[in-house]
């Protein structure tokens, strides 16, 4: 099975970290290929970054379909472009926030999210609502450092994440932690060991969900809402983005 | 007051229709300027179209900020890019689905939406939920014709819209109709006259809401979630989209 | 356009304050006439006050209809008698809690309410739920002083309101403040300047919403739930309150 | 134990019917006294009727408190003035919609309401929501005849009620029926016998709930939201309605 | 009327305490018989305890039906086996969590639950949701002592309960307390006296609700979901538990 | 990896069918062992059946823990004993309703459930709510035949399932079907082929989710609500069910 894992931002080091987490999580026989779009933000920390990054994600999904991948992962905790990606994909497409929250609900009656910038808490909150996971999401906490600090060995980001996880376990009546950024993919194992609770990191979670869906031959439904988009003209710079496969 | 009304698709005739509806609705002293992005889909009928169109909307918001508009309207019933647009705008930004649903809740205890393609019903459903309007939204109905048929004098689109509105009033226990497409902007007055109920069309609704917000000096909050996006590098084709104003 | 702004309590000084806020907010060409009923409580601080005040509101709506007003505002944060008023009105009727909460949702992803007596928090909470605004309402805070202290220059009410707004911005993850009492109508501008966030005051908000609805010819739906009440006898003291216009 | 059962409308024959149902339902030792206000609508079929009737209800609650009743029932399916009544009452106050819906949730996983005029369905819908009973309320059905037809032996009202109950049982996946009008109090027993399911009529339900609360010495909480209203001046005709007992 | 009150755990002293509370709450003419199953946990403090205890409850319901009881109470705050019990019962079956939460909603706009072990808070939370009572439930607090400490005169359990109730009243904006364990049945009266608010204890609440339902001849609906279970074979040790009465 | 798949009923032929589906779905290297309890109902078609079957499930979970299984599946669409099972398990425990609904939400914006007896629809409805999946669950449909008819080659059960799936796709605005009974495990592939949409069968779905959780080393959280139950005495027949491992 071949899964394409799309880092929606354009920072190579983060793509490599995501790729390592994806491949480490994959079953024998699964190849997880991590990429990032050629265009878009170097990190995603706002609705604005999300909106632009979504187009880069769609670039990679279209290419991934042509390349014959069995499924796709969108590896940013805002799950940018998720439903649009499903429309143009034949196989499954899974977001890391989505996968992490769902898996958390199988191992605890409640979870808290720990993320980076405080301004992105509202994004996680909206997603929890859209995925039906609000009843499990006890709190959304932020360390309030930029995403790329997670890639800086000198930063105190990882220490702050651990501290915030501890606060969550003490105060939020939660049994599990969801890490709210793909850049935290390398922290899950050690946090889980330290804290003694499931610490769920979305990249590996989403790879697992895609593997399960592909294994069960469950692809995105093409009946109704998520059918291929109607073919039509896109003007200007976005000409090449036009959907060409006819809607069924 | 100068309001920029952005048609997120790239079809001129629809931009003109939207512009006419916006100006007709505007108060004396308000100038409503309708535009559409140079790039993007000629109509918006899928999540995919929405995602790409959002970038065109953001192009126009950024330009609109530079041009000194007092507020912006996003004139597609999926409200593409709404929260992202708010982050980069100093004044208010209002979507037409959002405005129409809110105004409907002031004049009836329930409304039904009548839209174009059936596959877009889920988009309206998700928005109703996100805006807190699900408790007022009795049903979402589709005529299941493409958006651009609304611009074709020979199509039966407008007749089907009227018929679907009638069915809604008979069966949905609703007191008002929300028209679910900017391309229906020219139908509201005659439908309202025929049906004897409020028929709410989003373009005029959104212009009214922006006028009210600007009149009350209520701009998008820059405290917290909707502050200007952090300045950062955007790579490749999207270089010029990078947010440059520093987050407060 | 002529809008009648009804202060549901019977305190003249508050009616004048409300009238000033309404007229200041109105567009050129709008006349906002503030009145209060001849009968009822001098301030509204309980469900009981609300219930009795509702009849005074309905007195004024009926008179307002006879006088030919284009729309009405109910200027108490409990929106007493709102749906009943809509039934007997031909034009739009808007409550100030309703208008303020809706407008706040256009400029922030969350707002906190700051009100007077703690016992009235539950009234605001119930309204937020009924209007679909609970998902935006982060908190409801009270200074726990009586309403009429807001009219007493020697009271510390306005200082406490400002302090509570500050606490809300620090602790509630909100981007805007909704002032939870018509008696705070004169505080919004200075609070907004001090705090640097949108501070939404219901009287001006409701005037703006009525202006928009009237401008768009959107009147209360007479199809279904909000049709004119069936004509019937009212006995005793309330004889004159009997609805006489036939239900359509 | 003495319970005052207030018919919020001013139609004697209906008060007598309500009184008979209340006394028939009461335990040995309970005296159920049915009254109606001297002022107000002869039937309640709109939000407007509800709002005016609420004052009549409060008249009777105040008198009931002076007369030393142990508890009160508000015997109209809109429960007019319920929270206001609780504020001025020392004992429990229970509405018939409230009591019927709650009791229904003990004997079935879902119920349907059958009421009179279609325009009042929205009132029942709002109450189900406010009482937390929306998850049990499968449907709200109307026979669309006026309330007072229930008192007219020549009308087909009772036949239509039975037919609508049958349709509910066939189509709504409900296990119980809630009768949505105090004027149906005399129909419950025979409907229950005919249909073979619990048919819950609010007057007897509310008497039972009040008896239970009084028996358990559970009175309306005077801590917080439902404390006695602050004493204050009421002007004009409503002078005598002013709350005089000091808030604790 | 004869009501069987089932203590789902197998601790005699607690059964006696429950029996005393039940009989004290019962009306003249009601006989409340408290029992506990012969098999099962000595206290119920986990989902696991609940699941096993449910079978003991069903043993007693089946026996109670044969013995001709008019109704049943399930006297553990997790309401184990409630819907299953309803299926095999002809009369009403009421859980103490259910009864207490419902009655609390009649005397306050919000309540807090005070329970024993912190790990059981989630059980109360899930029940509040299932009963539609989440909107009234302000908080769920635990003293974090085992259930059987409530039966130990030397333990500090009752002091801690009182302290937690006080904290709830100060911080949770609640007007009433719901005691979250049948073992607290003897504390309600003195707590209510000390705290000056309604303190609702489920055993007496459930007895009252059953009395009301039986008095109104409202039995569990046998139409649809709660009809008698289909007759079938149960294998092994559970042979005797097989439902034998034919589903209608 | 070794997964124990527990058929909560005691019908061997169904256990074999479930085992075949589980093993067919499992990855290379996974051993799926299907068992059923020695005691309990031969099919599960009521809350009562569910409650008794839960104890059989817990029997098998305890044995499975001793046998060193890596995870468990509960293979009845009511997910009997799920949270109790999690408390006594060290690895993950997943129910088939839970797994099927969650996976459906990854491949469609809405799904309909097709189940056996109409009386069990309410069980699926309650689970959808508890899992946060109600917003995705468009409808729950029943063929209204007993569970064991699915094992009878002469019955028309499978034809009726197919017909009901078709109706769902035509009328429910759903993009996927969830089969609401473990006894339908053998129908998914052919239905999916016939209908051209994802048809999700819980046994394979749950095996996939357990594989993913085990692969990611995500076990049931032992922090808080799902910690091992406190050790204590169980009396009588259930003596051996007593939890003996100490709560952490």
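When the chains are written out, they are named A, B, C, D, E and F in that same order, and each has its own residue count from 1.
One rule holds for everything that comes next: a residue touches a chain if its C-beta (ideal position, glycine included) is under 8 Å from a C-beta of that chain, and two chains touch if they have at least 3 such contacts.
Predicted, not measured: the structure shown is a model, and the values here were computed from it.
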item	value
Which of A-B and B-D has more C-beta pairs touching across its chains	A-B
Approximate Å spacing (C-alpha centroids) for the pair chain C, chain D	28
Inter-chain centre distance, chain C versus chain E - centres from mean C-alpha coordinates, in Å	43
Rounded Å distance, chain A centre to chain D centre (Cα mean)	52
Residues of chain C whose C-beta touches two or more other chains	83, 86, 109-110, 118, 121-122, 129, 135, 173, 224-226
Overall pattern in which the protein chains touch one another (line/ring/star/complete/other)	other
Footprint of chain E on chain A - complex, ascending	109-110, 135, 173
Chain E to chain D touching residues, read off their complex	25, 27-29, 83, 86, 92, 94, 98, 102-103, 105-110, 131-136, 169, 173-176, 189, 192, 196-198, 200, 204-205, 208-209, 211-213, 215-226
In the complex with chain D, residue positions of chain F that touch it	118, 121-122, 129
Contact set on chain D toward chain C in their complex	10, 37-43, 45-52, 54-56, 58, 81, 83-84, 86-88, 117-119, 121-122, 126, 129-130, 146, 224-227, 229-230, 232-239, 241-243, 247
